[in-house]
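In the two complexes below, chain A is the common chain; its partner is chain B in one and chain C in the other.
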Partner chain A sequence: MTVRELTEQAGFRVLSMPDGEREIEGVYAGDLLSWVMGRASEGQAFVTIMTNINVLAVASLLDLSCVILSEDAEAPSEIIVSAEEKGINLLKTELPTYETCLLLGSLL
Partner chain B sequence: MPKVTAVNNEILYYRFDVDGDNFTSAGEASVQTKRILRRVGFPPEAIKRVSIAMYEGEINMVIHASGGVAELYIEEDRVVIVLTDHGPGIENVELAMQEGYSTAPDNIRSLGFGAGMGLPNMKRYTDGMEIETKVGEGTKITMTVNV
Partner chain C sequence: MSKYYYDLHVHSCLSPCGDDDMTVNNISGMAALKGLQIIALTDHNTCGNCRPFYAACRKNGLIPVAGMELTTAEEIHMVCLFEELEQAEAFDRKLREYRLPVKNKPEIFGNQLLLDENDEVIGTEPYLLPPATSLPIEEAFKLASSYGAFCFPAHIDRPSNGILGILGTLPDHPSFPVVEYSGTADIKALEDAHPDLKTKRALTDSDAHYLWDISEAENALDLPDEPYSSAFVRHQLFRYLRGELGGGNA
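Up next is the complex of A and B:
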């Protein structure tokens, strides 16, 4: 499933989608970024409540397919601009992390 | 932009200053490194390993040492990363290498770091890692990624 298809089916809000045709290859959830850095892998969707610029660095270095901000985590505008610049798909949902993952599990 | 010097015909050398006061800009050296290695045409797997190791190193220097210098040597079949800082040094390297052990302050955890994964990740993603450190003087870490 592509990021665009997921967004439509899950009803996620789009903050930035420079690469909607990117294929999603699994999911990783977590908020401790170094932990995520060591364990997430390329192509995964990354569910987190962290909204600082380092989230984009992790997404970019690991080549993740998208970042999904759960729990209605508020993303500062510079993060959204930076995500667009770095080619990172950034989505948002009001669902808590667990429910977000359940939904992803049922759709993917 | 980093300073680039051709050491000789075989090796490309880049030097990045890692700003210790700007936590949110940490990662610039690794993002630029990724770009450089892509241009050189290295395989994605090697590029990923180099940039992750470098990123963790950058974050460490910002958290613990008020910044430092990251140097990159690109050779034909390997990349060498040298991270040098004049921070407090590492008291117990063996302990610091354990997953989950961290001396990072609490405010760092609120940014998503301090999981005690930095050094272990650097080791995991590289083919060789050497730590030279002296308490009160600083730390030099040399990492090698074979291509």
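Up next is the complex of A and C:
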């Protein structure tokens, strides 16, 4: 499934989608970025409540397919602008992390 | 110019995790016994015991620094130090707007004791102090700086509440010129893993929650001190932190 298809089916909000045709290959959830850096893998959708700009560094380093901010975590404007610049798909949902993962599990 | 032994990160009995024996007179007395000259009080998200701490340090011939260990929204611990006691107290009042309004349960988390300069308990802080404030790191840095704070990330070598553990790398913003290591840090290994650390001025502090954990006279800074006064040396410490003195660790 592509990021665009997921976004439509899950009803996620788009903050940045420079590469909607990107295939999603699995999911990783976590907020401690040093932990995520060593464990998430290429192509995964990354679910987090962390909105620091370093989220994009992790997404870019690991070539993740998209970042999904759960729990309606407020994204500062810089992260949205920077996601667009770095070519990172950045989505948002009001669902808590667990429910977000359940939904992803049922759709993917 | 003299060598000043310091410990810029110490908790009092106002932090629930701080031992009840961490009174302002005990801290300053122990610091004096250990041969320190400069000591900062940095309770979690509060400067509530800084005023009696100043008085206690004066009795023991130490140079006090008023401070706070702020917990950001990301749960990063950031030390904020103030050159003037009044700045710290003003920031303390402001930060209350951003603290989590959850009552402390002393039987679980510990007491949060407010003292006078004779170590008498004059009150307790009802709300639990250490949890994350609602300020993300950039906003916390900006707000504290606007109150005159000098800020640095605390114990960056620790996985929990250290900036490297939480954000993976040092962020570009805020750009911290100073970082703090705990006494057991392998600084060389961290600098190899994060080369930008080599450009930072390094402090080593105890983060003491018990009297015996306060730093020994091991970490020092060379500071100008003529004509000597406590306020003058404290000012030189802030000049060092801000990079206005040059030089490095003594």
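FYI, the second predicted complex is superposed on the first by the 108 of 108 C-alpha atoms of A that agree within 3 Å, B and C clash if a C-alpha of one lies under 4 Å from a C-alpha of the other, contacts with A are read in each partner's own complex, and residues count from 1 in each chain.
Just so it is clear, contacts are C-beta pairs under 8 Å (C-beta built on N, C-alpha and C of every residue); 3 or more make two chains touch, one makes a residue touch a chain.
Note that the structure is predicted; figures quoted are calculated from it, not measured.
On the shared subunit chain A, the superposed partners chain B and chain C overlap sterically. By the touch criterion defined above, A:34 lies against chain B and chain C together after alignment on the C-alpha atoms of chain A. Once chain A of one complex is fitted onto chain A of the other, the partner contacts of A:53 extend to both chain B and chain C. In the superposed model, more residues of chain A are touched by B than by the other of chain B and chain C. By the touch criterion defined above, A:8 reaches neither chain B nor chain C. With both structures placed on the common chain, the touch criterion links A:99 to neither chain B nor chain C. Of the two partner chains placed around the shared chain by superposition, neither chain B nor chain C is touched by A:23. In the overlay built on the shared chain, the residue A:76 is in contact with chain C alone; chain B does not reach it.
Once the two complexes are overlaid on the shared chain, A:62 sits against chain B while remaining clear of chain C. Comparing 99-107, 153-161 or 207-215 from chain C against chain B in the aligned model shows that the clashing stretch is 153-161. Judged by the document's definition of touching, chain A residues 32-35, 37, 50, 52-54, 57 lie at the interface with chain B and also at the interface with chain C. Against chain C, in their complex, chain A makes its touches with residues 32-37, 50-54, 57-58, 76. Contact residues of chain B toward chain A in the complex are 24-27, 30-31, 34, 44, 48, 51-52, 55-56, 59, 109, 111-118, 120-121, 124.
Listed in rising order, the residues of chain A touching chain B in the complex are 31-35, 37-38, 42, 48, 50, 52-55, 57, 60-63, 86. Listing the residues of chain C that touch chain A in their complex gives 74, 136-138, 159, 164-169, 171-173.
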